[in-house]
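Common to both upcoming complexes is chain A, partnered first by chain B, then by chain C.
Showing the complex of A and B:
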């Protein structure tokens, strides 16, 4: 197991390095960054000044190593647009995004695991149909529309929850539901399918033949096997929620990192984009690593891989 | 002890209904059978005969759609059909236990085998943790697993099929049950492992004084271990009696038919193929599998086929025999170039087949055709039989009409109705599908036909039918055949010559009678000695029928 974790760690580090090269390279793929920064009307002299000022005249590997070295220390340079340190901007907003992401994935798992399991125990039962209905609706409703409906009901009509902002824990309730509901259908379907598959397996029959009580068969023998693919999917969903919660953040005026990403893209703010891409990718890598370790703990066959 | 006290299980007039729309109204009808202490009762029948349903009913593991509608299942005097699920589960794994067919999937991959055995003690006794562990280690030793301490901490995937089956047996034996139900426990195992497991059962019958209900389709296994035999057909018991009565003097026509299908120990001398031209020649064939070296694991190599030399003459049937992992399937894949070979050569009809460039291979493929093991998986479920039959010749430029004509002809040869052309694979039984697969292979008029475990998945009577069919077709069309099997008896019955493979090498070769009656190699001797039913001389059913018995 230790060996497995070390192997996965080394691999994660290599992926992280590759991602850093790509996100650094993005600046150059979009054309000469000095020209982009200087604006369309700039003279050659002005461009040359900017090139020197931002260090674009140095060899690219040197620039990369410089950038990476700073990034590791949490310094992503100055935002070209806001003219303030990128790291300050990101880290002040990351808390909101991470809180929302963690709440949303927990919400999604709390709904999808029990419902997936229950509907697998009795396929085609009333509960199964209800679960399928919830899943289909979840897939069909756009997040922004669902978010607006909640605001109309709970903020405007009932006045229970704040419609926007991130000042209190109540502000996170509706965004959590909206973002979590979005991730629920896939997780629920996967849990259900996995459970149905596992429950018809030979080792469940063996467990029953041992005289184990149904509860033990279900929780000790079936769930552990069925949940393995769900763990992998949840890790991907989690990464997605951190990077892609722009819509939800906009609807509820939660100024998180997703919102910042959208702004920096539309304003061509290269250094902020670079930093966000790197950070979001790191989240993906960390969650995938954690999911791999958790799965290897669940299923010993994965430990040798 | 009186006779009733001795009886562990007594099934009386049991009828279990099938859901509407099945091929018959009852899964089991009016079944009566007894199992006594220290006795092995074999239930024999082909797939769908209701033998497994009987054991599941006793264990209370019947799928919900099946309901016993009549009769009783008396276990130590209590009718288990009247028990609640909770009461029944107190007996399961405790007083009655079951061993299943598929050892590879019968254990939970997520827990150590020690844990999975201990669970039985935890469920049915109040033993302390250390006591449970001690008992588990003792059980592992009793089922003859080496190094019980190490096995205790192993996960199922670290053990072989035979070892896993021993774990399942240990789970069943944990609480010293009065009744042990074994559902085809050796069918998925190699012959040497089967022999060890069977002798373990014989031992258990004595040491645990349990009654054993042993479900099987294999009469050789019956001959090996049974005290009494119950023969089932389509949910009905057609014959029951002592092993001696049923095996040597079967009365019911169905029993006779089954026993008649058991491969014979001897066969008449085949017509000589000496002097016929050599159609396929394999020279010093080598195939090694490598796993690539990664940053974290060193490269590993497995020598799947080593220095194999063969000659097959026109009209010959060559049997290739070996246990799983012996390299026989890799050899086949090399012969038909599904896998590239590392070294050596395969010659077909004077041409070095193994060196033909990929682009020209197409034309040569039709010279050599193969019938696979699984008749269910090897036909496309969404296309008609006709479509699948003509695909080969059409591919080689034969007009579709001509090919269809040929398909009709071949269906006749494999004794199928013409209307099969317009039907889909799921409308046929396993035996029928295998006959369709044979027809498919013959559509392109191959010179060499390879049968890779082609009858292993079939019931004995169907197996016999398919073997006879193959022999006839071979005769009629002058085919040369390579017959790959793990079953020595089947190989001896159909082959002119046999090669025995072990660990990628040919360890013995010779004509069938020679290999069978006078094996030279230690491994072949071991294989032959492991075959069940050694002491049983299959009765001559025709003679029995003539005698009017």
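Showing the complex of A and C:
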């Protein structure tokens, strides 16, 4: 088990490094950061001054190693635009993103677990069809558009919820639904498949034959086993929620790290962008790692893989 | 129209039967929604438009450009005189105080220009400082500017973005603290700033009687909402009084909803196509031939594009400048849409079957594609490279672009030196490299006699049009959306003046 964890850790670190190298390169392909930073009306001379001032004139690998060296020590530098330490900016906004992520994954589980179980009890029934339909819609609908529909309904027509901002708990309701709905289909399908699988297994038949009450068979014997892969998928989805809330936060002007990512991307704010990419990928890597470990702990067959 | 725009427009259309409550007038608070936030409230560290807008409300410049007459009048200055071509003597307004109570005097002016613009100046955008050799204090209310060379556009810069900072307060708190609580002399005072989210301004009750008048609305709440559709939802829902830069199709929807008044006003920004006449991409490239550049100019139906894809306030232009800018000669060679003539010119240039070229662009994709189709009709086939502005500007500066569609906002400076002189004086983005044009522009840029300047710029702009170095396209415009309680008249310099806003 220790060896398994160490292997996974090394792989996780390699993934994080690769992501940061690729993103650093991509940022440079999107244009000279000095030109973006100097503003449209800057002269050649002014751009040259900024290029030198911020060290953009050095070879890209040198800049990257310099950045990496500082990042490893927790120093993400100063935002070129806000003139504030990047780590302060990110951590002041991370709370909003984490809150949203936790709300969204809870919402997703609240929807997907009961629906997955119900549709597994009676596969191919009307209820199952409805559940599948909801899942397909959730998978297909673009989140910015779903968010807009909710705004139209709840903010404009009904006037119940604020369309934008992050000042009250009401501001989190619509973003939670949008982000959570995105994670629902996968969780629901896995619950359904797991339940169908478990319900047809021998020990369930034995439990039923012993005359246990159906509810006890369902929840104590079946769900507990069927839910194991769902827990690890939920961990992975949580990584998605934290790193993938850029669109949702931008649509609702929710003042989290995803919104900051949009702001820094649209301004070529290299240092903030790099830090966020690293942090977002770390979220994903850490949660995927946790899911792997959890799965291996629950199922020894996976440890050798 | 992209899928996103299509779906979004549909969603907003569903919102029409809404009921809304407008409560802002009762609180005397105008809700302003911008797409981009104020990145650094220590404004000299920002080159963003949002900083210019904040600067106009909370700070003052020495001069002010009257937007109706175009004349420069005193603001923090009361009298001024060019004692020779390079010396500007300015008498300052007495009795003005900064928002923190600090008295305004010559030390503040000298500090501002030395700290941000001097040899070690820290300002990020410096065109407003580059012309200054030094600033000298004569007495508490008199300063003298020494220019490096005659610089006729000095007043334009001094009136636009050289906000006067309080020297004592800034020295005491430093840049980062100043960014938390900026202090100026302007009609509005910063009340609070939430970085990335927005800021709140309160009317300055002690504002002096100058060309910018006192604020008429007590509180201005500026919020950042990046998504245009969410902005529209806030306006329809009665939670916004003012939106800015709304795309034309969305503006029409909002107008038809009856929930907002849309004002479409002109802007300094112009669009243009520039071609590699100097042969930097290829010494034998097609655009080194005048006939080919003229063919491009005849091939594009700018009026049709304007009617189909732009709005009322956009004007088709023929000179390499905006007609509102000083020195912008409009009596130049015009290229009316004439595809047959374009084909003839191509044949005369040795391209009877046309040719294929790379075409770069960074904005207005539907317009770009319309132009490319028009070029294809006369035989100029294009491979579109669509990139971010910084990437396009970088490639252009390196001389790697044969033909590109760009726009230029001149930093809202209404003087030809802020546009034509920037692109035709052998800087990296000069595609023409025409010695004669450069000489005329130098003459216009360095004379303080308006007539001499006009004559010099006229010659340069006429030659640029004759040679078809650029195909000037149109001026841009901006859609402003106002709630039915707010009164506001936009200005053509794209600076939103909150102190001009009032309740109906």
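Throughout what follows, the second predicted complex is superposed on the first by the 178 of 305 C-alpha atoms of A that agree within 3 Å, B and C clash if a C-alpha of one lies under 4 Å from a C-alpha of the other, contacts with A are read in each partner's own complex, and residues count from 1 in each chain.
Just so it is clear, contacts are C-beta pairs under 8 Å (C-beta built on N, C-alpha and C of every residue); 3 or more make two chains touch, one makes a residue touch a chain.
All of these numbers come straight from a predicted model, not from anything done at the bench.
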item: Which of chain B and chain C A:59 touches, first, second, both or neither; value: neither
item: Touch count on chain A, higher of chain B and chain C; value: C
item: Residue ranges of chain B touching chain A (in the complex, touch as defined); value: 59, 61, 86, 89-94, 97-98, 100, 102, 105-110, 119-120, 123-124, 155, 157, 168, 171-172, 295-296
item: Residues of chain A defined as touching chain B within the complex; value: 3, 7, 10, 201-203, 205-213, 216, 221, 224-225, 298-301
item: Chain A to chain C touching residues, read off their complex; value: 29-33, 35-44, 46, 50, 81-84, 89, 93, 142, 144-145, 148-149, 151-152, 155-157, 159, 162-165, 250-253, 255, 259-260, 262-263, 266-268
item: Chain C residues touching chain A - in the complex, by the definition given at the top; value: 4, 7-8, 11-12, 14-15, 17-21, 36-37, 39-40, 42, 45-48, 124-127, 130, 175-176, 179, 195-197, 223-227, 229-230, 233-234, 236-237, 239, 387-394, 397, 408-411, 418, 422, 427-428
